[in-house]
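Listed next: structures, encoded as structure tokens.
In what comes next, subunit A is part of two complexes: it sits with subunit B in the first one and with subunit C in the second one.
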Partner chain A sequence: MPMKITQEIKDNTIIMTLDGELDASSSVILDEELSDPEIMKYSKILVDCQKLNYISSAGLGVFISHLQRFEDAQIKLIFFNMQDKVRNVFEILGLDLLMTIVSDYEEARTIANE
Partner chain B sequence: MNNSIRVNCTKKNLKLIRDFVTEYLKALALSDILMNQIVLAVDEICANLIIHANHEDPTKYLTLKIQTLKDQVKFEIADQGAAFESNNYKEPNIQEHIRMGKKGGVGIALVNRIMDKVEFLTEGSQNICLLYKKIK
Partner chain C sequence: MAKKQIFFLPFMLKQAREHRNSGAANTKTDFRFMLYKNNAKTLLATSAIVSWLLLLVYVLLTAESTVTGASVPSFAFPFLNNLLIVVFIVSVFLFQRLHTEMLKGMDFIGYLWNLFSRAGVAAYLSVALYLVYRVYTNYAEEESSLLLHLVYQVNFGLMVLFLGKAFYIWRQLLLYHKNKFLQIAWDWFELLLAATLLLTIFNFNYTSYVFLPLLALIGFYILFLCTNMKWVAYLTFNNKSRSLVLLGAILLSCYIFVRFFRAMANSPELVVDYTDVGFLLLAMLFVGTYTLAAFLVSLFSLPTSSVFEQKSEDLLNFQRLSLSIQQGQSEAQVYDMLVESTIKASDASAAWFEVVRNSEPQVTHLLNIKEPQIKSIRHLLQAYNIHNMDYINNNLGRNPGFRGLGLAWKSMAILPIKSTKHLSGVLYLLKDVEGGFDQETVNVLRTFTSQTTLTIENLRLVNESLQNERYKEELKIATQVQESLIPKTFPTDSWFEISTHSVAAKEVGGDFYDFLQLSESRIAIIIGDVSGKGISAAFHMAQMKGIFHGLMQQDMAPSEFMKQANSALSRCLERTSFITSALYIIDYRMKGFMFARAGHCHTLYYNSMMDNVFYFQTDGLGLGIIRDDKNYAGHIREMYYDYNPGDVMVIYTDGIVEARSPKNEEYGEDRLLYMLEQTYHLEADDIKYAIINDLNDFTGPGNLYDDQTLLVIKFRPTQPNI
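Here is the complex of A and B:
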């Protein structure tokens, strides 16, 4: 399995851990997770990217396509623990300026609670 | 070193292609970021060919050939699907994509920004995409 997604729920927060490679094949699973209506019950989605070893435009596209819906519902989407090479892919398209990417879990929690 | 690979048009083969490119590039001792960028650019082109040009038809094939020239790496990706119409290509507006909730359409932008030269050629029924990246 190229991509494993696990979710941990703490009060009004989902901590989503991505493990593997998000490409045109595996990003379908991520899209299914983010499309789940259950997710709209939470106000914060913290995405742990430590084990995300690769992302292609298909993976970015999944986040791009849900971003507005989350913003409209006032759900905060925050990425943390992102590897430099993966962050670089967000930066090439300027997505680091349009999405919230922070260094670690503590910072993600702080920003989520602002 | 084996410098070409031929795979059929299923999305599952993208991982195989990435591993093949990574293995080839290892000998060039590139930084993690540069290595990832190059693998990404090749992956994006192959994903487009598999999904859009060949409609994920497993009876169709694409071939990737890698060469190290003097100070650059050259990738040649050939298939026989529908040709990419590079004349009709428009750079995406990412903010617009976010507003519209659009999923696709940013792959070629990544390729254009990563690679030094990107060419699309058609020779008879064969389409060839050429990617060049300076590595020194």
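Here is the complex of A and C:
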């Protein structure tokens, strides 16, 4: 099934919804979205992972490659609503210590506004 | 006497010698046959010389006896005389027959020149000889019968030589492109002609009424044979003019001999008359007729020869075009050939060719036309909406738009190089006469363009398949490299068992493992997974292997190794790539192992003392994710664990736990743990097979999405005494 990425903008926050499987081919689309210079105008990016069923190493690679850039620009990248098996992939790789992964939208908003 | 010999001998011997030389050069053919041929030729040359000399002696003696009046002895043997003549003629003809068979190929001018230079000149020599004789007799003011006989005899020899040579060279040309019928017709002709020699032997008068119809029949036969001159069509204009000169000279030779022997015929001073030999008359008739026919055909085909030249050149060009695929020529070279050939075939006064790249025309070839002129013509064609179309206009003057351009050309042909879907180029030909592109020319031009289209299309296909082939080859090499990176055998020792399993999902995968014996009692085992697939993954694997062997030479702790590996990889890994890895250093003297995990799957472990299967839950960040050394150091943990005999360690990559069933379920850590719980008491090999079998049952056949690597290590209960 193809990956569907939707964006919703609220004030200075982008809420990005990932729907489907993030594999080698769909990670190219994600990379394009995250590389968009427009995105640097916002200070918070919240990624809704509720419908993200699978993430491959290529998908992880895309997030990793943008991680440093967002950090330098002081943009907060927060994942929420992550399924357990996807969260497990993040954890095994050690990314849970580098990235902010929270349980739901409310928590994500709270952390984002800190 | 001696003088004559000197004159005659070198002539014969030279031929014989050259013959041997050319024979030696041709040793590829059957050597024994050559030897036989050379022997036969030497024999024939000798018999020719001997018979000629005997004939001379006989003639001179007879002449002497008639002069002195002491008659009789000569006419006692008319048969001997005739026999000698026949032997001489047969020897010379057979010699020439063998000689000309060596000539091969299509060098017709070479044949003619050979004939003229070797035999045709004989006629001129005979004229010179006769003139010398006449001058001498005028000077001496007395007729010398002996001398006359000598001259007559020498001329006879020369004529027979000429006829023999001409006869067989004409045979060679006459039989060019022969069919079976022609070959049979010729063989009969030769036989018939040889049969007429019998008339001479038995001293029949061929002019008698009995033989005249027969001779007339042979005459018609000769006329029929003389219609076979296909070779003339293959001569180019230049060659035809040259052949006309040579044929004229040969005709003159014929005339000289005929004239000489006709003048001498029935001369009362001579004791012999060779015009009585019917064979010579017929041979002369054949040679003369054929020469004359060849001369006339060459002369009258001279104006049309350029057409044939053009046709044969067109044919050659077609051949070159179709050959260019095999010769691996580029598209540019094919277009060169096309432009050159079509300009020649149509005799165009101006032309240009444009290659179409990304639907933009790009002029590559120009002839007698300038860029602005091309531009204006192209504009006009675009206005009429006929650019890039197959279009012939034989009367441009009638078109007001073209007349408005003020260009000198009167006809124009546009020929696109176009396959069903792809336009690769357009050829424009211009002529300064009206009706310059008639149907015949256009047909030839279209054949050229369609051949070119085919060639270009084929070249593309060949290139594509080559590219594909190359890619496959590269992949094959990468696979081989990858396979060579993974150790085939592990050290076997009495204190542990190890069993490995590894399959790649694509040709080149990203999984790897390796080991290094650090000291007598310590071994380092590494497992890893490079993100991504294909050739780049193979490269990173090779890098990782290099880093492992390089760093572990210094025997460092696993966490230190991960730090340094991260630092090294940060410098060469592309931004989106990372590597997960786990390193174990097992010390069997200490009965323990130290390990660090860098983002790699958790290690599954069975502890025999506690009879418990579990995963080591340690933190550790993948390599190449944080590219700042100090920061990374905080993300790696090291662990030391004492093992017991019977303990089992299962090391694997995510391809195992993330393998999916047809229902899209993951195999998962839990099922793997359950499998070890069921099998820990088995040998390492059997544990591995049990897990892999269960995994394959789960995924079903042909459902491999990711590389799978599995290492099972079992510590043996019986420890060696160290």
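As a convention for this text, the second predicted complex is superposed on the first by the 113 of 114 C-alpha atoms of A that agree within 3 Å, B and C clash if a C-alpha of one lies under 4 Å from a C-alpha of the other, contacts with A are read in each partner's own complex, and residues count from 1 in each chain.
Everything that follows uses one rule, which is that contacts are C-beta pairs under 8 Å (C-beta built on N, C-alpha and C of every residue); 3 or more make two chains touch, one makes a residue touch a chain.
Here the structure is a predicted model, which means the values were calculated and not measured.
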Next on the checklist: Once both complexes are superposed via subunit A, do subunit B and subunit C end up clashing or fitting?
Outcome noted: clash
Next on the checklist: So in the superposed three-chain picture, is A:Asp84 touching just subunit B, just subunit C, both, or none of them (first/second/both/neither)?
Outcome noted: first
Checklist entry - Is A:Gly94 in contact with subunit B, with subunit C, with both, or with neither (first, second, both, neither)? => result both
Item to check | Between subunit B and subunit C, more extensive residue contact with subunit A | outcome: B
Checklist entry - Where does A:Ile64 make contact in the superposed view: on subunit B (first), on subunit C (second), on both, or on neither? => result both
Next on the checklist: Which partner chains sit in contact with A:Ser25 here, subunit B, subunit C, both or neither? Use first/second/both/neither.
Outcome noted: first
Next on the checklist: From the superposed pair, tell me which subunit A residues show up as contacts to subunit B and also as contacts to subunit C.
Outcome noted: 24, 31, 57-58, 60-62, 64-65, 67-68, 85, 89, 92-95, 98
Item to check | Residues of subunit C touching subunit A in the complex | outcome: 510, 529, 531-533, 575-578, 580, 598-602, 619-622, 625-627, 635, 654, 666, 668
Checklist outcome for this item: So, in the complex, the side of subunit A touching subunit B is made of residues 2, 21, 23-25, 31, 54, 56-58, 60-62, 64-69, 84-86, 88-89, 92-95, 98
Checklist entry - Along subunit B, where are the residues that touch subunit A in the complex? => result 11-12, 14-15, 18, 32-33, 35-37, 39-40, 43-44, 47, 50-51, 94-95, 97-107, 109-110, 113-114
Next on the checklist: Residue numbers of subunit A touching subunit C in their complex, please.
Outcome noted: 24, 31, 57-58, 60-62, 64-65, 67-68, 85, 89, 92-95, 97-98
